[in-house]
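Same chain, two partners: chain A is paired with chain B first, then with chain C.
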Partner chain A sequence: MTVSLVVVSHSRRLAEGLAELVEQVVQGRVRVAFSGGAEDGRLGTSAADIRRALDEVDGPDGVLVLMDLGSAVMSAEVALEELPEERRRRTRLVDAPVVEGAVAAAVEASLGSELDAVARVAEQARSQPKLGG
Partner chain B sequence: MAASTEVTVEHEHGLHLRPAADFVRLAARFQSQIRVSNLTRGGNRQASAKSLLEVTSLGVDRGHRIRIEAEGGDAEEAVVQLRRLVESGFGAG
Partner chain C sequence: MGGIVLDCERNLRWLERLAGLLAEQAGPLTELDAAIGDADHGINMERGFNAVKERVLAQAAGKDLGTVLKQVGTTLVSTVGGAGGPLYGTFFLRMGQSADGKSELDARELRDALAAGVEGVRQRGRAQPGEKTMLDALVPALEALDAALAAGSDNRAAWEAAARAAEEGSRATVPMLARKGRASYLGERSIGHQDPGATSSALLIRSLAEVVG
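On to the complex of A and B.
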């Protein structure tokens, strides 16, 4: 078993694009669900749709949730609060840049690492420089 | 124990995304500390071979030469296998 990921974006198309990117890297080794856009299809986030994504990939090893902008956090928190206690304990919101964090966390999860380790890798993505090779 | 090697990356996308992820997944199987640098871009900066974001930040394109250095009990095996992965064009996975 592995840790799963949920990525929450304000834009459905951004979520779909990120799904494509992450899949390229993990090739089916990690379950990743995406929640993008508000219920009416416009930009935004929806607690109900985040819950759908959480249900899609829930598992005993836990779920890491990444959010694209601060206001997605509120919707994710609402979705989290509505989970049964047992699932809430293995579901973690992580403060990380969404693209770098999702890709790095997905690779770490594909190694079979535990939730704490996967979350740490996502958080570290914030301080990882991209330039200077 | 320490081991190192230099190898040219022939994969058409260099060490980006999927090949980089394959590289990191293989590196993570070893206990040794493993570092990679991109000699074609000067080789001054070392990335952990076990971090996807560090490896992709080396900007390794097709034809670039990289240096793989490992230190630890399984250093030699790590270097051999990582070199083989790069030379194989990152297999099918």
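On to the complex of A and C.
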């Protein structure tokens, strides 16, 4: 059982940097795809590019999708709606901080947890205090 | 009301005209977005509609209305880049679904297609009128169209009323507090600026009114 991740950002460089951060933790044990930037390389999101990322890591155990701001969420929703029914059921958008959520979810996925558990960990990243609070 | 108000040829003229208006207004739309967003709305819309021209309009011969509108939607969701991508993309996809398989629409069918598009924007963005978004132009346009058609206005007058309502609606976003999208991060400081998305929506309705009237 290994859940895959897709991270959607407006910025290709942010996506690439996050890929580096996540890769260091999971060392190839979890498949992670990134979608970042508009078609012409400016900042933005694209449902077609998100679909490409979803296709890249799709698998029977499911895919968790994390998004940064604004249109990233709406574009991911468009991409999700266009998936075939069977894949839509195993693809989940999660409301989580993208950096902390991606790292936490990747670790959880690498432990072999199922989609629900990985999603929960990503959501909980929001309430993890950073300053010992 | 029985007459045809939108056929394939007029549909293409509408989309060409809209692409032209968005290219012409790209600077001003981006300036509006610079005040309350991230200074890209005009750039985004121009990029999206350039792709529509190349990938859809240039190959539209022989295709029915629904197909062309859906292709516009699919192109926008992957090329606009900003919120306008999923929002206008959904608008055109829903309009296309409403006109599925048809090559001509009468006044009622066009009204229903517009209503389906506006409902798509509402669902996609989870916004309501009054929150300083495209809906503040689109919803008044639809209401004005319905009121005019119910009052027995001819098609030209009804669409002129819709276009005016969209333009007034976009100006009415100036005193609004933004509650959706990037402008919402500004809170009170979003007040006093016209919403870029409502402004591009008014261009959309105006260009449609020009071809159906």
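Convention: the second predicted complex is superposed on the first by the 131 of 133 C-alpha atoms of A that agree within 3 Å, B and C clash if a C-alpha of one lies under 4 Å from a C-alpha of the other, contacts with A are read in each partner's own complex, and residues count from 1 in each chain.
Keep this in mind: a residue touches a chain if its C-beta (ideal position, glycine included) is under 8 Å from a C-beta of that chain, and two chains touch if they have at least 3 such contacts.
Computed from a predicted model, the values in this text were never measured in an experiment.
By the touch criterion defined above, A:83 reaches neither chain B nor chain C.
Contacts of A:125 after superposition: chain B is touched, whereas chain C is not reached. Shared-chain residue A:27: touches chain B; no touch with chain C. With both structures placed on the common chain, the touch criterion links A:19 to neither chain B nor chain C.
Shared-chain residue A:69: touches chain C; no touch with chain B. Judged by the touch definition given at the top, the superposed model places A:48 against chain C, while chain B stays out of reach. After overlaying the two complexes on the shared chain, residue contacts for A:99 are found with neither chain B nor chain C. Touch criterion met: A:107 reaches chain B, while chain C stays clear of it.
The interface of chain A with chain B does not overlap its interface with chain C at any residue.
Residues of chain A touching chain C in their complex: 38-40, 42-49, 69-71, 74-75, 77-78. Residue ranges on chain B touching chain A, taken from their complex, read 17-18, 21, 24-25, 28, 38, 41, 45, 51-54, 57-60, 93.
Across the interface of their complex, chain B is touched by residues 21, 24-27, 100, 103-104, 107, 110-111, 121, 124-125, 128-133 of chain A.
On chain C, the positions that touch chain A within their shared complex are 38, 40, 43-44, 47, 51, 77-87, 89-90, 124-125, 181-182.
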